[in-house]
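Below is a structure I'd like to ask you about.
For clarity, chains are labelled A, B, C, D, E and F in written order, and residue numbers in each chain start from 1.
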Amino acid sequence: MMKRVLTHIPGLDEILHGGIPERNVVLVSGGPGTGKTILSQQFLWNGLQHDEAGIYVALEEHPVQIRQNMLQFGWDVKPYEERGTFALVDAFTAGIGKAREYEKYIVADLNDVRELTDVLSQAIRDISASRVVVDSVTSLYINKPALARGIILQLKRVLAGLGCTTLFVSQISVGERGFGGPGVEHGVDGIVRLDLDEIQGELKRSLIVWKMRGTSHSMKRHPFDITEKGIVVRAKEVLGL
Amino acid sequence: MMKRVLTHIPGLDEILHGGIPERNVVLVSGGPGTGKTILSQQFLWNGLQHDEAGIYVALEEHPVQIRQNMLQFGWDVKPYEERGTFALVDAFTAGIGKAREYEKYIVADLNDVRELTDVLSQAIRDISASRVVVDSVTSLYINKPALARGIILQLKRVLAGLGCTTLFVSQISVGERGFGGPGVEHGVDGIVRLDLDEIQGELKRSLIVWKMRGTSHSMKRHPFDITEKGIVVRAKEVLGL
Amino acid sequence: MMKRVLTHIPGLDEILHGGIPERNVVLVSGGPGTGKTILSQQFLWNGLQHDEAGIYVALEEHPVQIRQNMLQFGWDVKPYEERGTFALVDAFTAGIGKAREYEKYIVADLNDVRELTDVLSQAIRDISASRVVVDSVTSLYINKPALARGIILQLKRVLAGLGCTTLFVSQISVGERGFGGPGVEHGVDGIVRLDLDEIQGELKRSLIVWKMRGTSHSMKRHPFDITEKGIVVRAKEVLGL
Amino acid sequence: MMKRVLTHIPGLDEILHGGIPERNVVLVSGGPGTGKTILSQQFLWNGLQHDEAGIYVALEEHPVQIRQNMLQFGWDVKPYEERGTFALVDAFTAGIGKAREYEKYIVADLNDVRELTDVLSQAIRDISASRVVVDSVTSLYINKPALARGIILQLKRVLAGLGCTTLFVSQISVGERGFGGPGVEHGVDGIVRLDLDEIQGELKRSLIVWKMRGTSHSMKRHPFDITEKGIVVRAKEVLGL
Amino acid sequence: MMKRVLTHIPGLDEILHGGIPERNVVLVSGGPGTGKTILSQQFLWNGLQHDEAGIYVALEEHPVQIRQNMLQFGWDVKPYEERGTFALVDAFTAGIGKAREYEKYIVADLNDVRELTDVLSQAIRDISASRVVVDSVTSLYINKPALARGIILQLKRVLAGLGCTTLFVSQISVGERGFGGPGVEHGVDGIVRLDLDEIQGELKRSLIVWKMRGTSHSMKRHPFDITEKGIVVRAKEVLGL
Amino acid sequence: MMKRVLTHIPGLDEILHGGIPERNVVLVSGGPGTGKTILSQQFLWNGLQHDEAGIYVALEEHPVQIRQNMLQFGWDVKPYEERGTFALVDAFTAGIGKAREYEKYIVADLNDVRELTDVLSQAIRDISASRVVVDSVTSLYINKPALARGIILQLKRVLAGLGCTTLFVSQISVGERGFGGPGVEHGVDGIVRLDLDEIQGELKRSLIVWKMRGTSHSMKRHPFDITEKGIVVRAKEVLGL
């Protein structure tokens, strides 16, 4: 039987029939404001609470800001960074400004995915990470969609090779039906889609597991809430759009 | 707890569950005639009434015209400019004509976002501004969409770094579903969308807060009016399109 | 209070809550056969009847043909041209043929918007024009949409600077939802859209004021007719498409 | 009052409230199989029966084939060619093959619209033509849409200058809403659209006059039939799609 | 009266009010799996049974495979090839492999439509063919749509000149509304569209004659079946999608 | 009568009225998560159980991962590889890493389809394979769609020539109507489409046989399940979307 990595996000493991199969690379796909980043950070934080080291690759936001944002949900990663069970890979500042002093893992040139995988591999080995989040993979190919599939496969090869279970945040536009392009969707082991839909003048949050290699899973769309403590999935409810 | 910046726009702070979280960069997105500029100017004017200095970056309209337009709502910024609590950054005239004599902050070359951020930073420091409006960010990348994300991030870094709470006006086409392109939508901390919809031969105004980092907010679409004193949001009502 | 320019088109001033605010640049946008040109010529003719000098910039049709077309509605501009209160800027013939002899204001090279604004400025000063029509602005950027916004702003600057109230005719395709492209729609002070819709096998004419800086206006879609004397708007009626 | 050119096509003049205003250039626009060519040839043939000379500019079909096709409806143009009241401008064969011997008016290079207008002008003068058909104008710019407007205006100038009333056949795709592109639609004096729609498994023919400068016209969609004697419009009936 | 070529396909001649007018070039247009090739081969086979020689131009499939496919419906063309009343033009193998030995008519370079028309003309003269199928014309311009119209006209000129009645197979995508592009649709004498539609979970076959020069025809959509003996059209039934 | 290859996938042979006609090349087309890979691997595994040798061409996933994935359904291909009745062509690793040691059939350069067909031909001859899966053909032309048709035809020629019955996995986007592009859809002998549709908040799996040369087949959409033992098609049920 396949080993599972529990997200410990209320309702989500139930929907996944017991968590994410180990080593899977899962696309967390959604439009702006759908909660992709919160879900991903919660996945890492919950790992830390269960002695599973994790890495957050920051491509969209300043590392300082990310730590502050997590703090708002009560997720203080600083002690874990000191203890060596959490690491933040700074692929945002390019080492400019004070980041050079404070950040341990810096990717200088984002046009070279090689450097990213090198720095990430080092970080994974350093802290024996079993969970990784890349937020977002979209940044890596936003202006060069023809390269998307290659980049996804390159990252996946490294991460699966090192035994990590990974979330790839994929940014899509409002109203877009797919999950981030054909090369990306077919290249990953799982897809979790987060949605924010306006229904009769009201915004509704929901998620659906579109595919997950190595396990059966709920085939339904479930509503979820973003609370002060993070995401809570209503696994017993179904939202029919 | 997170500090808030009150818009003092009737109904809007209620919808935002207490105002905009400090330092957030918020996209004010809408089609032509939806009231984006009015909302943004009202945000600045209301700040002035509460001793919060503000800056308006003018990319779409002549500075003289902007002051006149504001005057129509009774918002006379001249005294505040003299007093040093309001500043207008002229990124429209390129310093041609009489603007060179009258305007203090002029951006000569709009193709160099660097110059814009330099002039803007100087203005913010000069008057200790806590509120900024950029009207519109769309002008900065209208003919080079591939650069949109980079420009948004560059501006955001400077503005958040200087402690400002900012509105980015984003112009979209009639009938367009998004908020100004994927790179822009995912790069900001909040999105407020203004709509003007024809329903049964009648135009209806409404707004919806699509996302706002650091706070919960109304998840509903609210009608609003443009009155002689500016925008009034009907926070108790919902418009189901 | 803002000064108004009356269109004297039956029903239209009522819809505009008292006419077009002075110096506004208004987009008159519509598909083929919707009546854009007639509305614009009627606006000029009505001005002439009230001692307001006007200029028609002809980009789509031969000046001779334009005078003939106007004549069909009983609008004989010849006497006004002689008297010096009406002028036609010929941006159509490039001065080829007999136009060189008969036309006073000729724009030779349409690829140079500079020349157009120079000739137009001269004409405005010569006859102290307060009303201007550019039919159509679309011609100026039909094959170079990236330049649309810049051209609109350049024209607007000159016209508002000279104190004119202006209509820009914008040609759109049948079924197109916008008003002529994002750069154009957001750059003008007002938008009046003319529509011709097939409903149950019958063509229906209607117009709607989408935005108008400096005034409130009807928020409804009104049917209108093209009569032998020009356009008549049924300001009391609403057409729900 | 404006002079009219009668089409003598049953039902069509009634719909046009008395025929096509003289010198108008009218777009006859429709998808494949809608009857554009038949309507245009019938317009010319009916002119011949009323002593009005006509010219057919053939861009889509071999001149020999065109004469044969017309013959199927009983329209034998040969005697009229001999008598000098009908002419066919061959803009199809480029003078290759036997066409060089048999055709009087040949356009050798279709990429040079100048040659076309020269040959056409000559033919018009030779036979004192008052009716012209260009079938199709689409051929002239199918692979260079940016030139469409210029070509339409150039042709229109010549034809109106010579006093002709003209039909321009415009080919559009099935399901396309417009009439052949914005530059074309706005450049002509009138638009007649022919449609062939599948309704409940049955094809229905109809036409609608979308615009016609210089006259009022039916604002309704009328069914029509293609009979052995050509097109018959049911002017009393309306088809609501 | 016009001469007709009978398809002898059950139901189809009835729909065509007596067969295809002689020398017509007819587009047989449809998505994958709709039966275009079967209909075309059946047209040729039925001709052979009535002493009308025919030619199949093979652009999509190996000649050997084509003969085998026809055999499955009981259509054994070998004896007719030997007898000189059927010919296969191999525009697939480019003469590579054993084709060079076995095939009599080979087109080596498909980028030169000239060679195709030369080989085809020769074959038509050799066997005095009156029926021709080109399967598919789409192959000739799939990567160069701007050339489609020219290629269609060039082929049509040769085929009509030699007195053949021809089917052009046109491949379209599932869900595409047209028949293969504007240049193609307007260039042919007739269009027969084959459809395969999923209705309530079931695939339904139907065809509709969209246009046919020189004859009236059924204006209805008819269901058809692919049986062991080829296509059978249900001319008495109508399918309303 | 035509020979058949049985898939032995529960329900599928029934739908195909007796299996896939021998030598057919069948497109297995579907969006992410629809089960294309599982169906293809099951087809090969079932062949092995009936002494039919098979080859899997791996373009999307590491060979090691593929063997593991198959193992999850109880399909252990190792013994068959040793016995010489199953082979995996590694067109994924390019021979980098340990693959060079462990994999027998490696394609180094995917831009040269020639090398792929050479290696594949060798493998087919070595183990006398009668079943082949290429997962996916999409990878071969994802960034060069103009080449798709040529690549499909080249592969098909080789595979049919060697007597194999083949499945081509075709990856399409969510919401895409076609099967992988016109050049691909028309080039294959059969199309089986797998779908995953959200209906009222629930994901539903179904498949439909769109075309299959050489046999009649069910014309209905059938639901199917992915069980622990692979795909089970409910051949008696119909899903009307």
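Points to keep in mind about this one:
As a working rule, a contact is a pair of C-beta atoms (placed from the backbone, for glycine too) under 8 Å apart; a residue touches a chain by one contact, two chains touch by 3 or more.
Because the structure is predicted, anything quoted here is derived from the model rather than measured.
Taken together, chain D and chain F share the touching chains E. Looking at which positions face the partner, chain C and chain D present mostly different ones, since fewer than half of the interface numbers are shared. The distance from the centre of chain C to the centre of chain F, with each centre set as the mean of the Cα atoms, comes to 62 Å.
Separating the centre of chain A from that of chain B, both taken as means of CA atoms, is a distance of 31 Å.
Counting partner chains per residue, chain C has no residue touching two or more of them.
Chain contacts here close into one cycle, and each chain has exactly two touching partners.
Within the complex formed with chain F, the residues of chain E that make contact are 31-33, 60, 62, 65, 69, 72, 136, 138-139, 142-143, 171-175, 196, 198, 200-204, 226.
For chain E in complex with chain D, the residues that touch the partner chain are 2, 146, 149, 157, 160, 177-179, 181-183, 185-187, 191, 208, 210-211, 213-214, 216, 219-221, 238-241.
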